[in-house]
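For reference, the structure I am asking about is given below.
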Amino acid sequence: MNNLTQMTRLEVIVPARDASAIRELITSAGATGYTSVSGVSGIGHHGQHSGALLFNEYDTLTMLITVLPQGKADELIDAIRELLSTSSGVMFVADTYVSRPEYFQ
Amino acid sequence: MNNLTQMTRLEVIVPARDASAIRELITSAGATGYTSVSGVSGIGHHGQHSGALLFNEYDTLTMLITVLPQGKADELIDAIRELLSTSSGVMFVADTYVSRPEYFQ
Amino acid sequence: MNNLTQMTRLEVIVPARDASAIRELITSAGATGYTSVSGVSGIGHHGQHSGALLFNEYDTLTMLITVLPQGKADELIDAIRELLSTSSGVMFVADTYVSRPEYFQ
């Protein structure tokens, strides 16, 4: 795609109190940066196995976005998956393309 | 992709006053959650058939993000397309991957 | 995908002071609209060739999102790449799908 390099984009939405734990995982996985979006609210996503809402509309949420090479992304995805198995939050993973791959190594 | 499950991610940007109608469509389509991002502004996207701006820079906008299985997404896309045919807003649809697909069923 | 049209989605994260330069490039490239998300912070993405952080956690950032046809996107990607070669910021490019392609022409 237009002389761009494929990377993996992770978007993680968690209660604001849990954002620092996610940021630590992002840094530990070797990501060179992340973006935090505040002013986020949400409802759901409830799991049928728990019957409980993960979020309710009064929670203050943080959306964290990070982009990293596929190899590092796999490790981070596993770490976040593990963390979210015992706390609230959702993770969305997608391909993205960047113009300066050396910034993400 | 790394033991993840493919889902469809919808991102809808509408004037804040129309966000509740979109949220109702999301819930009716069986999505188990959504995220709202406030603090959003924008301009355009104007249509050549109308010659009018959909948004102007003074509008307060809301970005709604929801993720759901392809089958439910198709229904929701049609419903939002219909709603947006008579009101302002844009919808972006993309593939995404999640680690806990049971949360989105 | 469900009667949708493929477009290119650019997400650009820059210090707030540089957002207007990016908006001018977006408009010059023929994009018919964009969305700005404020309330954004971040750290990194540092480049190994510079050894310097692009952002630090005290910067106020703006995330700009625009969607346009592939042909126009290529031109805009090149222009933003050029601008970011001498200033701070990251650009993420991904495919997305829209229901009303005439709005983005």
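To keep things simple, chains are lettered A, B and C as they appear, and every chain counts its residues starting from 1.
Simple rule for what comes next: a contact is a pair of C-beta atoms (placed from the backbone, for glycine too) under 8 Å apart; a residue touches a chain by one contact, two chains touch by 3 or more.
Quick caveat: nothing in here was measured; it's all calculated off a predicted structure.
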Ask   = Can you give the rotation angle that fits chain A onto its twin chain C by Cα atoms, in degrees and rounded to the nearest 5?
value = 120
Message = Quick check on chain A against chain B: do more than half of the interface residue numbers occur in both copies, making it same, or fewer, making it different?
response = different
Query = Taking each chain's centre as its mean C-alpha position, how far apart are chain A and chain B in Å?
reply = 19
Junction residues of chain A, two or more chains touched = 37-39, 94
Message = Applying the document's contact rule, which stretches of chain A touch chain C when the two form their complex?
response = 1-2, 4, 7, 9, 31-39, 67, 94-100, 102-105
Note = Counting only contacts in the complex, chain C reaches chain A at residues 11, 13, 37-49, 54-55, 61, 63, 73-74, 77-78, 80-81, 84, 90-94
